[in-house]
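One chain, chain A, appears in both complexes that follow, with chain B as partner in the first and chain C in the second.
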Partner chain A sequence: MSMFRVLDISSAGLSVEQARLEAASTNLANANTTRTKDGVMYQPLAVVVSSQAIDGTTSLLQKPVVTDVISTSSEPRLVYEPGHPDANEKGFVTKPGVDTLSTMMDLMSISRSYEANLRVFDITRTLLQKTLEVGSRS
Partner chain B sequence: MSSLNSLIVDSISRELDVCALRHEAYSANIANASVPGYERLEVMTSSPVNVGAMPSAQLLHTHDAVKLDQEMAKLSKNAVRYETLLTAYQQTTSILNLAIKEGKGA
Partner chain C sequence: MSIASIAAVSATNIAATQITRDMAIPIQSTNVAASDGLFNTLLNHLENVNTQLVNTDNAVQQLANGETDNLHQVMISLEQTRLAFDLLLQVRNKVLDAYQEVMRMQV
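Now for the complex of A and B:
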């Protein structure tokens, strides 16, 4: 039954959105990090997603997969905070180049996509259930 | 009578297959909505479903991006169609069943 593949596709979609959610929330949480363990500035994470064919099929149907999670090389922000222990001699603190606004927008789209995939999963399950019931009542 | 019934059952089950394929396509579109450069899939049917006609369906890439809300709407509509066809299938087979049991019993 080919419709079972849809469940795989939807759950692949769910895990991709979860990975994007993790990256976005890590970026937001570290927006004000001025020190890291290894001494380098925190670099915002980005998730690389690509489509790949479902195992063992030549169909055009593809499922999304997380190919890579990379650190982006975005320009750090300089914030004027003279009293800060990590401020330079001019009173500026270097903070990671996290774009809080666009990350919040990303979070919204991630949330919508996750909901959509979950809904599709649910609809597929209902359809499969109804298909199984054919013949049981007549 | 018998040939008519099998024609109905045949066309319903063929259209069910098309609906299932369409469901797969829309689900894949929704799952891949956040992949850059993904082109949405659509199911193309060659002929309308008449009794006895054999619709052939195939997946094709349309060259536009996925719009999540529209895709969701199409998927829901298709799911209702699938359930309707299932009900029609069940009705037809229950009529056949009635004939098999010579009208006795439910």
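Now for the complex of A and C:
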């Protein structure tokens, strides 16, 4: 139903923010991971978002979708930890280049965007509800 | 405001009323079987709302079983179903009102 189109758009926005939150939490949780299952170093994840036309419409209204989750190629950190099983011959362990500070900022922005989408949803719902009350106020 | 501007405003008002009169569409009785169509539409709508209710019920069940990826979609479908049901309820109230109005009519 076309009256629920706004709700669909907000829902897509919420899904995107959820994916970004998942990527950010994976990055933070793996900030000290020294090896992965594939044997390569963990690389911070990033979410690629693109916009998609809404089904059945030719209008400019578009909803966001997560196209891909990619691993970025950020510079690894070298931490001096001799005796660590993954340390090189000089005693340095390569740790993923997760920027904790900027990830925390990302978390703030994710939280605000999620709230904004929820707000849009709430407003739309309130308006629809008010519309259903047309004529019932005597 | 000068008298001239007041006169101009009233002139536009008169023009506006004339436009509305000209634009008034004459009522034509095109659909004789309107009542039949209305009830069919209502039944279709009822079916749609029922499907939506069943879908939402399934979504909530999946959420309870821990098979849902995201909470917001369940909440949004709950709200959508509530709105659709409210719409159905309002339509039903209005149809019933109209029916009772007809029944109260003096013959």
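Methods note: the second predicted complex is superposed on the first by the 133 of 138 C-alpha atoms of A that agree within 3 Å, B and C clash if a C-alpha of one lies under 4 Å from a C-alpha of the other, contacts with A are read in each partner's own complex, and residues count from 1 in each chain.
Criterion: a residue touches a chain if its C-beta (ideal position, glycine included) is under 8 Å from a C-beta of that chain, and two chains touch if they have at least 3 such contacts.
All values reported here derive from a predicted model rather than from experimental measurement.
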Mind checking chain B and chain C on superposed chain A, clash or fit? fit
Have a look at where A:Ser10 lands relative to chain B and chain C in the superposition and call it first, second, both or neither. both
Is A:Ser51 touching anything from chain B or chain C once the two structures are fitted on A? First, second, both or neither. first
Tell me which partner A:Leu132 touches in the superposition: chain B (first), chain C (second), both or neither. second
On the A-aligned overlay, A:Pro96 touches which partner chain: chain B = first, chain C = second, or both, or neither? neither
Name the contact category of A:Gln18: first (chain B only), second (chain C only), both, or neither. second
Report, please, how wide the angle is at the C-alpha centre of chain A between chain B and chain C, in steps of 10 degrees. 30
By residue count, is chain A touched more by chain B or by chain C? B
Please give the nearest C-alpha separation between chain B and chain C in the three-chain superposition, to the whole Å. 6
Please report the chain A residues shared by its interface with chain B and its interface with chain C. 10, 135
Okay, in this complex, where on chain B does chain A touch? 20-21, 23-28, 30-36, 38, 41, 59-61, 68, 71-72, 75-76, 79, 82-83, 86, 89-90, 93-94, 97
Tell me, which parts of chain A touch chain C in their complex? 1, 4, 7, 10-11, 14-15, 18, 118, 121, 125, 128-129, 132, 135-136
Contacting residues of chain A [partner chain B, same complex]: 2-3, 5-6, 9-10, 12-13, 16-17, 20, 49-51, 59-64, 109-110, 112-113, 116-117, 119-120, 123-124, 126-127, 130-131, 134-135, 137-138
What residues on chain C touch chain A, complex-wise? 70, 72-73, 76, 79-80, 83-84, 86-87, 90, 93-94
